[in-house]
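Below are structures written as structure tokens.
Both complexes below contain chain A, partnered by chain B and then by chain C.
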Partner chain A sequence: MRKKRWVPWVLVGPALIVVFATTIYPLLAAFYYSFQKYDLRKPPQFAVQLASEAGDPLISVDWSLLSLNNYARAFSDARFINSLNVTFWFTVISVVLSVVIGLLIAVVVQKSGLLQTLTKILLIFPFAVSPALKGYSWRYMLHEEYGIYDLLIDVLIVKPINLVIELINILPFVDITPVSESIVWLADKFWALFMLAMSETWGWAPLIALMFVGALGSIDTQIFEAARIDGANNWQIFWRVTLPLLRPVILIVTMLKTIFSLKMFDQVVTMTGGGPVRATQTINYYIHQVGFVRNLDIGYASALSYILVVILSVFAVLYVSKVLNRN
Partner chain B sequence: MMTTTIADHRSKDLPMSRIRQDIGRVGETALLLLVIAFIMLPIYWLAMTSFKTPEKAYTTEIIFPPTLKNYEIIFSDGSVVVNEGTDRERGEVGRNMAPNVVNSVVVSGATVLIAIPLATIAAYAFSRYNFFGNRALLIWILTTQFIPAIVVAIPFFTLFRTVQFFGEPLLGTRWGLIIVNMSIVLPYAIWMIKGFVDALPGEIEQAAYVDGANDFQVLFFVSLPLIRPGILVASVFAFIMSWNEFLFALIIGREMRTMQVALMTTSGMRGVLWEQMAAAGMVVMVPIFFLALFIRKNVVEGLTMGAVK
Partner chain C sequence: MRVSYRSAVLLLAVVLMAIPMGAVFAQDADIMDPATFGLQEGKPYDGTHLDFLICCNTAPQFASGAVKGAEEFTAMTGITVSWGNIPFGAYQEALYLEASNPNTEYDIVAYVDAWGTNIYDYLHPLNDFVDDAGFDWDDYGPAYQSASTGNSDTIYGLPFRGHPLLLHYRADVLEAVGVDVPTTWQEVSEVAQAIVDSGMDITPIAMYYGLNVDQNLFNWYSHLWGAGTDIFDENWEPAFNNETGVAATEQYVSYVRDGYSAEASVAWNEQEANEELIQGRAAMFVGWWWMATRMVYSDVPEVADNAAFAPAPGWEGGVTTSYGYLWPVGILAQSDDLEASLEYLKWLLHPITERRIVLDAEDPALDTNVAVRLSILADEEVNAAHNGLQGVASEVLATARTIPLIPQYTEVIPFLAEAINEIAVDPNADIQSVLDLAAEDTRYTMDSAGYYE
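Up next, the complex of A and B:
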């Protein structure tokens, strides 16, 4: 064995410098900014100053310029509280839909067959569509006048429901209001958030299905055969065999999707613009507004993004420890 | 004894079970077609819209005379008028997206060219050497994917406003964008390539050491050629990540728009010009389709950093 001790450091050194410079540096800098009054429209007054003239101490620190104001402000900022709410509901809806639909797709494509194989190949396509484009195309397809989704929802869901309601209304003393056929999806507070989550589900459910298919593929098929010989039907096999076997993978996928949902940004910009009336302003979107669009308040934006970091780190710690346990 | 009972059971209700099987098969096929429709409808609709005239783009018609005009418009320098007369006054003349395509290609290409060599040698060291901090550093690399991009963007935005590079601030340059892209691409690339090195049996390397090769000779002449397919997969994955990246492109790239941000420029008096957006969208997504198909088997493992196997 001739391996030398300094060799690995030479090999990992360059990559580590770049990784640290692009992750540790911004984390530290944003942390520092978050305690500062730092608005790009005004000359900054930093607590830590490098010497400007000879004779000054090399670094001077004015502790009085550091404060918790930005954090205090965050928790009395109705718009930030709103973004926490929006992000929470967006995460719940998109995670549940993505995992459930992903599971359904996985069960459907899992068997061998030509159509199944073709579908498995197609599953990769939504992943290839960039989030920004996803947002635009969904906004186009949901348009109340010329959107194909709007048309399909009307024909396949709203019209049949109204038909049933009409039939029920024939009965005496019953008068149910029919469902509106002219909902403007992205102008309605609930539906805008729901559709945003649907666009995310469209991108993720196929990918999650691929993860489940991979996990199912590594399960010995004899277990399914055995269940069938014992007289179990498809339904029973799914609930009693497939689902328990997939449980660890479902847990990991749910955590991963939760983390990605909490960081939601791209589609909000291209699909809803945060509207209607801030109903789809996620945390990330609001930070962007504070830091770069409406104000240029870097200090406050940093504090808000640190709150996001804290929320994410809870899930990150859970996820990483789970992954490390598996390996 | 056991086999006879199963056979008895089967022969008894053969016609019934056959009908049930047929129903099951039809149901399965219907479900598969539903899944295909769910996946492909937005893609198909976007592709179709990109060949529609502006009038047809504002309908749900699926039969229409196709036109390439939208592609011509998004790659022309303003000489092509969308609708003669009326729309010209509305400023709906062509916009040239060629520079945006160049930006996207250069930024993504350079990101890959810088990240992959660094990631490859680092991944090899992480896999093959037992050095102090090995595991801790790997955990950090795994954790970086949970850092929200906005936290990276804020300090680099303020830094790049002042830091000069060849006489101009880095903000709004391709270099600035390439640097921040490293924060998302490099950790994934290291983790992915490490997976390929881990899968390589160590005996070949041991034999090379016995033959008197030094560490670097083993790495560059023995191991690297063997993990070349893995490096290619990681490169494609890294390219897709930076090609589809939006937040950095918006905040750090600014006027140096990549295609993702340029999608937002297809708007005029009638809001987003859907037929042009669709054409630009095709330019954004079709190349990635081929790349994604190429690394299809590795996407899941790459995206989950090997958490789901």
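Up next, the complex of A and C:
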């Protein structure tokens, strides 16, 4: 029977159209705009023009309207450089915390049992919460008057420390200042960034834990038994056997999380507004401000976006190659 | 025919009851008459549908306009109108994207005065409309007129919702402490100190220095202008970092530095600070007058029962000037239904419509005190319904002004908002040097835009 070659195209056609319209076209358009002066406040004057009358060339290009100015400007823009710095530290903190906490959760819930199964089901919920809502929730949970996290930190950490300090202060010639019970988390540059990363970890660590649970389940139990027969204790088994075997998954998860952390936007808007000062202005947040809120400079915002695309591409290529190698 | 005494009394009662009912019916007849609003007879735009780009229909000031009288307008004209409901946090972006979109579905647009400067090229000038429709332009205060025209001769939008800054305070607290309502910022500090000295368990004032849609600048402007300086001088050079500007900023952050406002206020936005007042944790708050109903309807009885309002404080020895914040409403130049949109504005912005909206307090979710016309603000019945709030607003608006209405100002705002936030967050920050850095950034932006050529 003759193969109908058009059938696969018809089947994937709708998906291809959607991908082109929502991903390929915006990517190409942004690349083009990144070389243009394009201010949203004024009707744009594009370098590339389609023929308006019969007899005109199909496409005409006014090269004088294209330049590398937007890219050059980025590297002398102190605010953009600040956003690179903020994004770097946010990524480091959120990736490390997500992976480490995710791994700890996985080790705890990997065994079979009703409680473990229930926990595994519940674990997906934080990831299902929308990032914008996550930001709002965290803003209120950290509120120094009625925030639940602020209260927990006070009760579980600050008060016990102060109790110890109070006891020590009974001694003669000792006068240690108690720890403040009212830390304004989102008013401190370090804590605001840290809490932003924590809000991200809250959503991602459980998902990563589920990935690790899957990976742990695929390890042959005979390996653990052999280690135990050789006299290894639980810690040695985890450190010398489990962790090395999980290394490929850890690498994949780390790269995936890095890509998502580099794109941080929603929680910045709803949780910190980029503050205090500029301490939580990530690259995506800054690009949004430049393009759609402050400068309305689509050309410059596109150039900044492409710098982010280049950074993300490095991790995306590494991620994809790792996944393909693993398969 | 004999009429019994009882029947006579009954008849009289019916007649007496019918008089006000008749007035209501007469009014209803007026509000159903297109001529009352200058609308065209014969429903020439029957079947037309308009889309109105606007935010926040959970806020009574906007929701009330969408609901109250909307059916009557449609009955008179055959025009239906859909109001948008875009959250405030996303509205600025939505406004710019829709205004610059040649194929936008929106016809009418409401915008914050400062944002409007970026979409002037996309708005239909309304000068002819104001003349033809017999709009009383002088019925708007100077701040609202400036905000509607961008200080030019072109009317880009018409005042729709406007907000003077008021001091919202707890009358019982001030009375207990034995102090008068402060009229200057310096007096605010004195009253705050008196509250602290009294030992009352309440924060004297709830300020908002956090970074959130630039709200930390609202009261800073009052300090700056009151002290006698401005954002720019006459040559568009930054002036906010001069000696007066530094003194004004010093006073502005003193409330948190001196402990009169909670330490956390350095991260608060306007809503969070207002929440302190309406939950009974703060005695004073300076914010927009639309928030007054939040205090009046507070769930805390001692807050609701002692809700009081006064003009926003001024500067000792200076002119009391605060920011009159306006939401003008305009028509997008690319609208296919320009004439129908103009018909809608005739009705929406008519004094009768505005008056009805502020007088109708039947539903608390739609109860609003917000009016923009001087005649409505001076209306006795309106004032009686809102405990004289409109009178207080008139007083503020008499000297209120607007912020620099140039497109570059939206680029300058983050420099200022971040500087204020930095000074508030860091008690050791040197005000002069932080403002100098913001001035440098401001100057660069203005220079790049060609202001110094």
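Here are some notes:
The rule is short, and it goes like this: the second predicted complex is superposed on the first by the 297 of 327 C-alpha atoms of A that agree within 3 Å, B and C clash if a C-alpha of one lies under 4 Å from a C-alpha of the other, contacts with A are read in each partner's own complex, and residues count from 1 in each chain.
In this text, contacts are C-beta pairs under 8 Å (C-beta built on N, C-alpha and C of every residue); 3 or more make two chains touch, one makes a residue touch a chain.
No experiment lies behind these values; they were computed from the predicted model shown.
Once both complexes are superposed on chain A, the partners chain B and chain C clash. In the superposed model, A:Ile157 makes contact with neither chain B nor chain C.
Once the two complexes are laid over each other on the shared chain, residue contacts for A:Leu27 go to chain B alone; chain C is not touched. By the touch criterion defined above, A:Val92 lies against neither chain B nor chain C after alignment on the C-alpha atoms of chain A. Contact with chain B, but none with chain C, is seen for A:Leu207 once the two complexes are overlaid on the shared chain. By the touch criterion defined above, A:Val184 lies against chain C but remains apart from chain B after alignment on the C-alpha atoms of chain A. Shared-chain residue A:Leu312: touches chain B; no touch with chain C. Residue contacts after overlaying the shared chain place A:Val269 against chain B and chain C alike. Looking at the shared chain after the overlay, A:Ile81 reaches neither chain B nor chain C.
In the superposition on chain A, contact of A:Val293 is made with chain C only, not with chain B.
Between chain B and chain C, B contacts the larger number of chain A residues. Shared contact residues on chain A (touching chain B in one structure, chain C in the other): 40, 145, 269-270, 288, 292.
For chain A in complex with chain C, the touching residues are 40-43, 143-145, 182, 184, 186-189, 269-270, 272-278, 288-289, 292-296. If you check the complex, the residues on chain B that touch chain A are 6, 24, 28-29, 31-32, 35-36, 38-43, 45-46, 49, 57-60, 115, 118-119, 121-122, 124-126, 128-129, 131, 134, 137, 139-144, 146-159, 179-180, 182-183, 186-187, 190, 209, 214-216, 219, 240, 243-244, 246-247, 250-251, 260-261, 263-264, 272, 274, 277-278, 281, 284-285, 288-289, 291-293, 296, 299-300, 303-309.
Considering their complex, residues 1-5, 7-9, 11-12, 14-16, 18-19, 22-23, 25-27, 29-30, 33, 40, 105, 108-109, 111, 115-116, 118-119, 121-134, 136-141, 145-148, 151, 202, 206-207, 210-211, 214-215, 218, 229, 234, 249, 252-253, 256, 259, 263, 265-266, 269-270, 284, 287-288, 291-292, 298, 301-302, 305-306, 308-309, 312-313, 315-316, 319-320, 322-324, 326-327 of chain A touch chain B. Residues 89, 92-93, 96-97, 100, 118-119, 121, 210-213, 262-264, 266-267, 269, 272, 276, 281, 407, 410-411, 413-414, 418, 421-422, 425 of chain C are the ones that touch chain A when the two sit in their complex.
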